[in-house]
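These notes open a run of structures that come right after.
In the two complexes below, chain A is the common chain; its partner is chain B in one and chain C in the other.
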Partner chain A sequence: MTEPTSIAMAQGSSCWGCFQSLIDIHLNLATVLPLIDIKYWQCVADFKLKDLEGYPDKSITVGLYEGMARTEEDIHLLKLMREKCKILISFGSCSCFGGIPGLANFSTLEECLEVKFRNNKTVKDGEVPTENLPTIAPVVVPNSTIVDFEIFLPGCPPTSKLILTALTALLEGKPIELPPHTVCHYCDREKKETPIEKILRPYEGIADPDRCLLEQGYICVGSATWGLCEGQCVNHGATCRGCFGPPPPITNDQGAAAISMFGSYAPLESEVLAETVLDPLGCFWRFTYPTSHLGAIRIKREEAKTK
Partner chain B sequence: MTEAETPRIGVFICHCGHNIAGVVDVVRVAKMAESLPHVVFSTDDMFMCADAGQQLIKDMVEEHSLNRVVVASCSPRMHEPTFRRVVEEAGLNRYLFEQTNLREHVSWCHMREPEAATEKAMDLVRMSVARAAKLENLPVKSVKVTPRTLVVGGGITGLRAALDIANRGFDVVLVDKEPKLGGHVAKWTHMFTGDRSGSEVVGPLVKEVKAHSRIEILTNSSVIEFDGYIGNFEATIENRKDKARSKFDIGTVIVAIGFDAFKPHGYYGYGESPDIVTLAELQEMPPRDRLLKPSDGKPASKIAFIGCVGSREPGKRGHEHCSRHCCPAVAKAASDLKDRLDEVLILYKSIRTYGRGHEELHRLARSKHVIYSRFPDGEDPVIEVVDGKVKMRWTDIYADEELQFEPDILVLASAMVARSDIDETTKLFGLTRSRDGFFNPEHIKLAPLTTHTAGVMIAGAAQAPKNASESVVDASGAAAKAVGIMARGEVEIESTVSRVISELCSSCHTCVTACPYGAIEMDESKDPPIAFVTEAKCHGCGTCAAACPSSAIIMLHSTDDQIMTMVQAYLCAPPDTIGGT
Partner chain C sequence: MTTKTAAKIDNTESWEPRIVAFCCNWCSYAGADLAGTSRIQYPPNARILRVNCTGRISLEFILAALEMGADGVLVSGCHPGDCHYTSGNLKLRARWTIMKKAIEQAGVDPRRVRLQWASASEAQIFADGVRTLVKQVKELGPIMEEWK
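Then we have the complex of A and B:
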């Protein structure tokens, strides 16, 4: 048997869902675990940050970084992972595009602190804590602007199947080959090329289970989203929210692609669109705002304030 | 040329005589262009489109080994074909030519701001040069043309077109939904100019068409399906009676469906008395020695006409236009009738006898003492039907007096409007319509008979109100266009089309919905089906490429890269090339 592959798994600001999804490979863990030598994994293996800091540079073969990096601590961890790992994987949509925490860029840092601490509905006389906490960056920037990654595995979370496919290939030293199709490719619903007459919120009406949700008026961004999920949501009656980000090249602006698709698909008056699409930013850029063109403008603006 | 080859760009700034140079500092623009990346030659010249200008391009391509040519002159609509040919003659692929519009987009619209115009010209040239560096060779493709024309409509326009084409040795399928050929004209008794009736005019044409071995006539029939692209259409034609269908391979099409004579319900008591008729209805009355009142069949002695009924009504969609044929037609009918009736009166807003012989008709009518009385705009004559009698009341502008008249027959010169079923025809042939409801030509001045569907021509009153003579001119013109395409046997099709990268397509159908030309279909032989572009149908508008959510469509010759490069060149110009100071 060959030597186990050394692996480090690190988490920035995120929900731990991606690692949960990794663990969800269940019995396959029995196959994978003997093949790996865990060098660092917060919450799971008993290593401290100083252990990670103590490894020689590039001594770990594979690193997975989950979450985005907004605190000083996150950024330190991310850079450290880059130093220590030969192959660094951007693991999950937060790490690849900013993800849900990237939505914080709709607001200024002060506004975030206001809602979270000072004026939190569940707290009385709230204050922004100052002790023992790392500094928070003024804005969420894409991880890829902090360090380079070898591999991007998006998803919120990446499916267990995808993780297994990717890890197996990696451990066997083979290239990870992922199909480039969007979610529509995997969607079983029938498409009739009908432009949208009316936009429906998810709770409105009862959707025909056999027809394209978008054609029925529900905003589904499946056509602008990498289908590594294999169409789970759309085939179970829910619209695609775009959690896997854009299809390759994943530097595409997913929200811009979705909104321009929507523009030709929903030939409605702009006033009607403005009234019925209540949160276009959150709707089309839910997972990719920091890596989008619009998001980049926002980042520049926030950064300019601090200079 | 290989893609790795370094671009060597030549820039030619055209004065267009005084048109551009009178406003834009062309020398400064040419000088600026010299400093742009990849530019190895830059100059300005009096007329780039003239022989000397064309030769200059060829010489400079040779002398400086140029592999990209930018001409900053007029609109590409004007001279892109010219310059593409020139660079081809100089040995370059035609798609390595880039034209900047410094005339329509700069000098003509910023005539009083020479400084700002010059800056804009520099911006545009900088953008064009940046794009030129990214241009790629594209193949020049052609498709074969089926030597058969489908003529839709067997009125005077369709008949003339069919004959012209057949006489030049090409097959024609002539379709008319009516049981008889001849259209409106065949039914009319007074044709202007000249003294022959409609059936006398169109009769010989019908005879000739029927006798022609190359013309297949399908009356009582409609085109129900139409598919394909220039040179290679397929039309399904259905007999309206027995529902029998036949299919034809077609190379070119002439749509000559004509017009509807407006039925002016709600105007001047139309419908309230049988003695109030439209001009078309008067024309269709059976010819006899005496004009009889439709109501009781007694001879009429007094007749009145009202002009501009349903025409020239500002703000009323489909009725804003002048119907053009009515003034001379009314003059002709009135002067003919004056020989047999006691009194003939014409009420009008204004008289437009613009064509050859029209004014003579107008004068003839007046010389025969046909009474012309002008009513003010906005004060239409009042018509009442009392005890079966038609009573008219109006103000005469020149007498400034209210006048009354009781004609035996009142004739409303009603508008020419678009066919009631024009919508179906529009969709069938992928045409577009203008505000007045009639078909849009490809270009009102430069391409008045062709449409945005290559291979489909329009002629006659289907395009705008026209009289019979004008329609026949159209017919011969459209026939010449059709023959031109068929005589060559094959047509070049633009390579500036969209292309699907099949691995990236995920069959979301967005492009199929977005394409205004029906050029994209799903290739069902693939599983799942993927989008597929019929290049001959593609107009290169780029809508699909913009709409494709997975970036699976490339718009050739306007790739994202080429467009972004232009944006970048505009926004991030090197400091020494920015216009102004």
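Then we have the complex of A and C:
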């Protein structure tokens, strides 16, 4: 038996879903746990931030960072993880592309504070808390612009199977080989290459279980999404929302590709499309807005304001 | 052109908008050619890129151009119904509608982009389209100005 690999797991602004997915490998934990030596994991092991700060540089072999870096504390933690870890993994879509927390870039920081604290519908005389809390960064930037990562493991969350495959390969010192196919590759539905007649919202009509959802008029971005999920949603009757981000190379603009595909299938009149596709930015760039072209323009503009 | 060299040009006093124009091989590129041979005067700001069909244009082209500092993007193709490949321009039109909404949501002025139909014989329409877009973009100013 070889020495256990030292590992640190850190969380920024996110929902803990990715680590939940890691724990969901269930009985396989029995094989994985003896192979690792946990050095830091906020919610699971009793280490404090000062413990992580105290380790020598590059002393931890593997680091996983989940979530966006929205607060000053997150940014500090992310930079700290980079200093202490030899291999840093961008864990989950929030960490890779911005994910759901990245949608905050739709609004300015003031607008966010207004809705969340000052004018919150469930709070009377709300005010923005100031004591004992880290400052919030004015705009969400992709983690990859703050530090460099060795590995990107997207997903919202990455499936337990994917985590197990990646972690086992990593612990054994083998390269992580992931198939590059999109979600359509795993989808069992039949495609007839027919144009869309009418765009449907998810609650409208009853979808044919055997035909491509996009062809039936439901907006499915599976064709522009990396299929590491193995088509879970589409094979269970729900459209793909694109949570695994673009297929490799993952620097592609997922939303642009999805709209291009959608446009090819729906050569409808402009007025009809404008009325039925209500929120294209939130629909096609739901998980990748900060790393997309439009998101980058937005970030540059918001950053310019604070200069 | 990289973003770095582009930024240098923006710093000069006499700013002229840089327009990326995608023209389809069968109609608008020939139209632009005709505009040249007919000696029709139009602003020299448009850098014309030929694509076989407007249906070939992925939105990545347009959005990447804007991100890299193009002040405006023009797409010019065959009239609906006249596409050399039957329906390529209709596909682009559908993408265009959605993209225009999205860039507005992201805070980019939709007057920076323009879609027009100009056949191979409509040199004047092509030239007028370029002129209109250059005028719109000049009113808006350099896109990079908003980022500095």
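Heads up, the rule we're going with is that the second predicted complex is superposed on the first by the 307 of 307 C-alpha atoms of A that agree within 3 Å, B and C clash if a C-alpha of one lies under 4 Å from a C-alpha of the other, contacts with A are read in each partner's own complex, and residues count from 1 in each chain.
Just so it is clear, a residue touches a chain if its C-beta (ideal position, glycine included) is under 8 Å from a C-beta of that chain, and two chains touch if they have at least 3 such contacts.
All figures in this text were calculated on a predicted structure; none of them were measured in a lab.
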Just from the overlay, do chain B and chain C fit on chain A, or is there a clash?
-> clash
Tell me which partner A:252 touches in the superposition: chain B (first), chain C (second), both or neither.
-> both
Considering only the touch criterion stated at the top, classify A:281 as touching first (chain B), second (chain C), both, or neither.
-> second
Who does A:182 touch here: chain B (first), chain C (second), both, or neither?
-> first
First (chain B), second (chain C), both or neither: which does A:191 touch?
-> first
Classify the contacts of A:293 with the two partner chains as first (chain B alone), second (chain C alone), both, or neither.
-> second
Of chain B and chain C, the partner touching more residues of chain A is C
Does chain B (first) or chain C (second) touch A:263, or do both, or does neither?
-> both
Which of chain B and chain C A:223 touches, first, second, both or neither | first
Where chain A meets both chain C and chain B, residue numbers = 252, 257, 260, 263-264
Can you name the residues of chain C that touch chain A in the complex?
-> 55, 58-60, 63-64, 66-67, 87, 90-99, 101-103, 105-108, 146-148
Which bits of chain A are touching chain C when the two form their complex?
-> 106, 252-253, 255-257, 259-260, 262-264, 266-268, 270, 273-274, 277, 279-282, 284-285, 292-298, 300-301, 303-304, 307
Chain B to chain A touching residues, read off their complex = 503-504, 506-510, 512-514, 528, 543, 546-551
Chain B touches which residues of chain A in the complex?
-> 180-185, 191, 193-195, 212, 221-224, 227, 246-249, 252, 257-258, 260-261, 263-265
